[in-house]
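Both complexes below contain chain A, partnered by chain B and then by chain C.
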Partner chain A sequence: MVEAVQPVVQARGIVKIFGQHRALDGVDFEVRPGEVHALLGENGAGKSTLIKILTGAYQPDGGEVLLNGAAVRFSDPLDAQGHGIGTVYQEVNLLPNRSVAENLFLGHQPTRFGIVQRKVIEARARDLLATYGLEIDVKAELGSYSVAVQQIVAIARAVELSGKVLVLDEPTASLDRNEVAKMFEVVARLKARGLGIIFITHFLDQVFEIADRVTILRNGKLIGTKALPEVTATDVVRMMLGKDLALDHGGVGVAEAVQGPARVAFKSLGKQGKVAPFSLSLHEGEVVGVAGLLGSGRTEMARLMFGVDSADGGEISVGGRVVSIRNPAQAVAAGFGFCPEDRKLDGIFGELSVRENIIIALQAKLGWFRALNRDEQNEIAGNYAEALDIRAADHEMPVKLLSGGNQQKVILARWLAIDPNFLILDEPTRGIDVGAHAEIVRTINRLREEGMAMMVISSELDEVVAYSNRIVVMRDREMVAELSGADIAPSVIVAAIADNPGGQNVKMEANA
Partner chain B sequence: MNRALRPLVATTAIFALAYIAAIIQFPAMLSTRVLGNFLTDNAFLGIAAVGMTFVIISGGIDLSVGAVIGFTTVLNAVLIMWLGLHPLLAFAISLGVAAAFGAVMGAAIHYLKVPSFIVTLAGMFLARGGASVLSPDSIGIKHELYTTISKSYILLPGGGRLTVIGMIMLVVFVLGMILAHRTRFGSYVYALGGSEVSAGLMGVPVARTTILIYTLSGFLAGLAGIVFSLYTSAGYSLSALGVELDAIAAVVIGGTLLTGGYGFVAGTFIGVMLQGLVQTYIVFDGSLSSWWTKIVIGGLLFLFILLQRLVFSAASPRRKVFWKT
Partner chain C sequence: MKRIDWRGALLRPQFAALAAVLLINWLLFPGFFDITLQDGRLFGSVIDVLNRGAPVAILAIGMTAVIATKGVDLSVGAVMAIAGAVAAVLVTGGASAIFAVAAALLVGLLCGLWNGILVTYLEIQPIIATLVLMVAGRGLAQLVTEGSIVTFSDPVLIFIGTGSLFGMPMPIVIAAVLALVATLIVRKTALGLLIEAVGVNRSAARFAGISSGLLLLVVYTFAGFCAATAGLIVAGDIRGADANNAGLWLELDAILAVVIGGTSLLGGRFSIPMSVVGALIIQAMNTGILISGFSPEFNLVVKSGVIILILVLQAPMVSQWLRARTVERKAQ
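Entry: the complex of A and B
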């Protein structure tokens, strides 16, 4: 063991209080040089609060932060960066409008007589990125590269400027499998260089892949710090939740689809350059899962269905009658609901209260001449908040202050309030911790039992399998397979996704 | 090609084509005399537009520019004619006052978290009102230095005159280009326009940069006011009405994105020259109302906003990445 190694950064008995709420209560945490230390916990467990204290964004109300054994107090993240602690966030906090080289050295550009030495910067940027295995045009705009590349540029900048501790706050949330592998190579390299790395993620398999130790927080308290080979995933989940995960990880999913007249049917719906024409019908009490890689046209498909983008051709019928859906207002009128992928951007109204967020779709459907009065609003919001177990101190709280899982439930409540025919959920569990995951899955199952027709897009194969009656697979902007019955298994889905892009799929022809 | 360059290329092409078309109709327009007048007549606008370029690239707007120009002309006139100061001293005081005015607006924008639109609108009323309080009437300026400056010029081949104020504008543009594209301050301005939050997290001194940007804009508006008073030999509270809007038009036509983050000082120069070209054309034509300038500028502005929308909303193709294995 490396017990003798002095931690590079250490938190001792950290207490942080927000109003009445103890967000952190006597938490100890440490990172040693050359280790990857995963920080786990449900939403609201205090992970981000702890990180914000370690990186200087918050000041602790009790306890102390030690850097190489000496107590320090960071006034802000820049101060922490100057002391060697760099942070890379899930949303890349760089400048997409500037070149890669400038992003790497902004604020530290070498100058001569006040003039920035561009050539020197570009050469250094190339050398620096080469050490991360990245050969790109450093003069190009950062925004023209994929999130994975931007993420690595952000890491390179953080390491260059700080160099002792690197905090990775959900760096892999929007990366595909290949990109995650590249990211891990980078992390391994940095670990070998002796950096202490704090890794925050919602993907347990990733934790077990690269972390040396895990620290688990629950409700602001330290549950434990364990060396990884010594604990199993089940142990970790149990520590996070304080109970066994109530998620059915059964191989084969739900029973056969309920047959009969379709509640919603899409016929040859498509849009040039976005999604090839597809046909899909959904029945009462049926969940259709949509699997496929990022960029395979999953989200585009949902956007067409909901009228966010207008289709080139095809028709939509609800309960047997053809309806015209050219914009989301018509979709809502037809009884559709859509929980988008990026809930912060497209889903919630962060500044508005929980109540306002829940009633807004219903109010829009009713029209402004039939305004709901405050009592009705309170009642509706209260009912759904209770039914979906939305945890907010009160319903007048701005939604942006809620955790990701609760925000997702607010959006779900918003659509349930209009009593929809058909719900589209795009990545409902992204960026949500394991506990809230299970709850969202339970909610989907419950809605199905109540007779809702739903389409759920998800990258989590285990999850899709757990609640889908049928699964459609998207690849290269085309619906390539429709699976049901015994075919609903991760291995079959992976095979369908992985089929060579040019070749026609037998299953697809069978379903065409 | 870098997509940020496309609007600039388009502006340059339009300017070139328009100039060629004008020359075909009025061959006399192809002379250094016309070019020299372009520079002289639009010097104050160009100088103010350089400041505006920085403001817009940073994601803000400065509506006080025209009023600060008007105020400076009056302040100059008052200092020189009523208090008997030497013009150079008056210039220094005016520039200091204008720069300080900009600094205060920048500080208000940053520390009070008020949109620049509102703060500079207030600044506009203050400066315009202040100028009227100083003197509601036009004050003629008579001083040797004014006479000397307006008589000095470099004779260009072909009989054109590069006047002192024309040269001031060219120098301001060159310095502006260096400042925007070659200094740390310049990169901070673009950073603010890209994302203020990210810029802050990356260590850009957001407060200082914001204040400096509006100080620069105020300073250049003051300089534009001095140039305007040299140009007209007078100080008048209602001079340069609406110049802030002409400056914004020049900046946008020059390829700077109104929402910030992208743009070129050189583009603004072409934007200014394009406005000058339209005015000159109308003078040559003789029968058109000068309001046609506004109509043409309006049309161009609309066209460029459309063009920017197309260039920047079109999904940029992801670059190919070469991973070393």
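Entry: the complex of A and C
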């Protein structure tokens, strides 16, 4: 690395205190021009607090922010943007129902006599996006494009408005691998143009792919800043966790396919336009992994099983008895549990307490008039919070204040509380920090050993391979393969996914 | 078991606001807190506040549950008119008072059910779905009364509006019983939690196995029942059914009472007793302005001023600032 280069933005000894809690404690951080600097840490390490200070959303309680060597104080993100620091978040916060061009120039449209010059905007938008290697119809609504394109538009807008430092806050979390590659091309171009780029992500492999340096925070303290070729992924994980945490995979193909009568069986379940009829049975103590690309029908399959969408035909039986599942309430009555992919939208009740979030499914199952009293609720919430190591200061605090990993554990606890026959986990480890990730994987293994029947949908092949007894592969809304034994290996799964992809590009979503 | 924090509860801004309004009333009108017993019934300005506030308090009880589910019911004023009209027309037509009251309540339930069906099964936004009955309901009430004010002299109906039990005016008794029963039902069963869950995140509620459809039907139906009850009180009070004016704009007072009581229009956490307190604040202001000799034109202006003050006190920014100040003071 070039040592003498002056950092474009620099934080010195930053302290930020929330109430009693020191969210940041004397943190130093800097970004040089033409550098991609990854900021890593478990949830709660202080990454977002640091970013919010650098972008003016928070004011530091101690320390200073320097821009090109001069101390600055940003009053708000707009002020920071004016000084050259722009931010792009995981969720694109642009206007999906306006055109791409309008989104790019909203708030600073070129006008003549007060009238917006649409043609000029569109021409400039086309030129601008061309520099990002993106040739799209700028007149079309932003919302009609994929998240990846929207992200790039958001980046283009941020760079246009600021131009010195770009903060990318988990920009790749909802992208598939092709899209991530596209995004990285854009980042490389910006880097070549001399922008300082701060990159926040949960994906270590992406860090090693693109970052020049990495800074690791833990519990609000700076653990270290390293140039990347000098450290390995293991080093980084160790720095993040402060311990040697082996992501205990327990070896490939741990579990044999389980024989005997099925606990739950789905026969010819299907829905027109969503997923072709499929059959699957699950045994006690068995985990069936589901692999497939985004849009392959993985989630649709789970939704049919749980009655979120009602199937056109087919049969569901539990313990040999046919049951009718037309809605989730019936699925819960049959002893099913479902941790949905989108935690925020379909999982947590943000305003409600941790306790209430844990007992809610059990209470829904018991009905209106068999209310769990407060003691029972505390007991249940306490037990599962302890069993799953849910880290909350207080079970009465709103669940929205917990980290993503802890929220995921709360939803898992909610289903364990109904003592389910069958548990569906859709991307249970997506978007959560490394520590919680390992714990969820351990929990899946433990539940299997205790005899739970589970179906786990995951893009992380290493992970699916580690805990599954069988793996079904979805492709083009159809179940195309069922793998067991020695076939449970990433290479076999990839082959199954890739086989005859109908002339489409194979988008490998997994981060394997 | 967690104990209820009474001191904390009484320090809420709503109680401070109620106390302040009552205090101002007392300053403007020294006889405000005087209560006398005449002919076995209590009289006095405070009793009057409770009595006049009862219809809105009753509406607010039902409205609280609706708002907690992230909905709103604009039709309750019109349903009051319908219920009053039905009862009045039936008793003047020779039906028994019990039958008339039962019929009015049943009509209220049906109106609520109608709203619930529009919201739940046709998935119409609550504000639009209930706007239908808000507009049409008054027309229905006029059809029932054939456009005239139907007066009656049935003692039972009049008793509901003006009678008293153990010295307490009936509207107060009815409102208190309804508030108590509704609070017990939502808190002793799982309904309260499930309503809050549906209000906070309807999609997550569905995934958690909550039958939110049935829950919404029940909640809107209950709001209709509350509206019919309030309608009977208002009709009994004036000894007649006025389809044009009975309950006019009271849906807005009820919504306001709920909001002052601290239930968010975004759904979720709710408190029926606090909504009743909200209704009392509104009525205490109305009464205060009336008895203090200000011209009634001031009423709306003063009312909006007080409301703005209460809402500002509840705003997250202000409460954070207040909390920060208390923390600082403790630290010193």
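Here are a few things to note about the model shown:
In this text, the second predicted complex is superposed on the first by the 498 of 512 C-alpha atoms of A that agree within 3 Å, B and C clash if a C-alpha of one lies under 4 Å from a C-alpha of the other, contacts with A are read in each partner's own complex, and residues count from 1 in each chain.
Keep this in mind: a contact is a pair of C-beta atoms (placed from the backbone, for glycine too) under 8 Å apart; a residue touches a chain by one contact, two chains touch by 3 or more.
Here the structure is a predicted model, which means the values were calculated and not measured.
In the superposed model, A:G347 makes contact with chain C only, not with chain B.
When the two complexes are overlaid on their common chain A, residue A:G114 makes contact with chain B while staying clear of chain C. Once chain A of one complex is fitted onto chain A of the other, the partner contacts of A:Q363 are limited to chain C, with no touch recorded for chain B. Using the contact criterion defined above for the overlaid structures, shared-chain residue A:A329 touches chain C, although it does not reach chain B. By the touch criterion defined above, A:V275 lies against neither chain B nor chain C after alignment on the C-alpha atoms of chain A. Using the contact criterion defined above for the overlaid structures, shared-chain residue A:L388 touches neither chain B nor chain C, since it reaches no partner. Using the contact criterion defined above for the overlaid structures, shared-chain residue A:G133 touches chain B, although it does not reach chain C. Those residues of chain B that touch chain A in the complex are listed here as 2-4, 178, 182-184, 186-188, 190-191, 193-195, 197-199, 201-204, 261-262, 316-319, 321-325. Listed in rising order, the residues of chain C touching chain A in the complex are 1-2, 188-191, 193-194, 196-197, 200-201, 203-211, 268-269, 327.
The touching residues of chain A, counted against chain C in their complex, run 19, 306, 308, 327-329, 331-333, 338, 340, 345-352, 356, 360-361, 363-372, 374-375, 414. On the side of chain A, the complex with chain B involves touching residues 77-78, 81, 93-98, 102-103, 106-109, 111, 114-116, 118, 130, 133-137, 140-141, 143-146, 149, 157, 161, 182.
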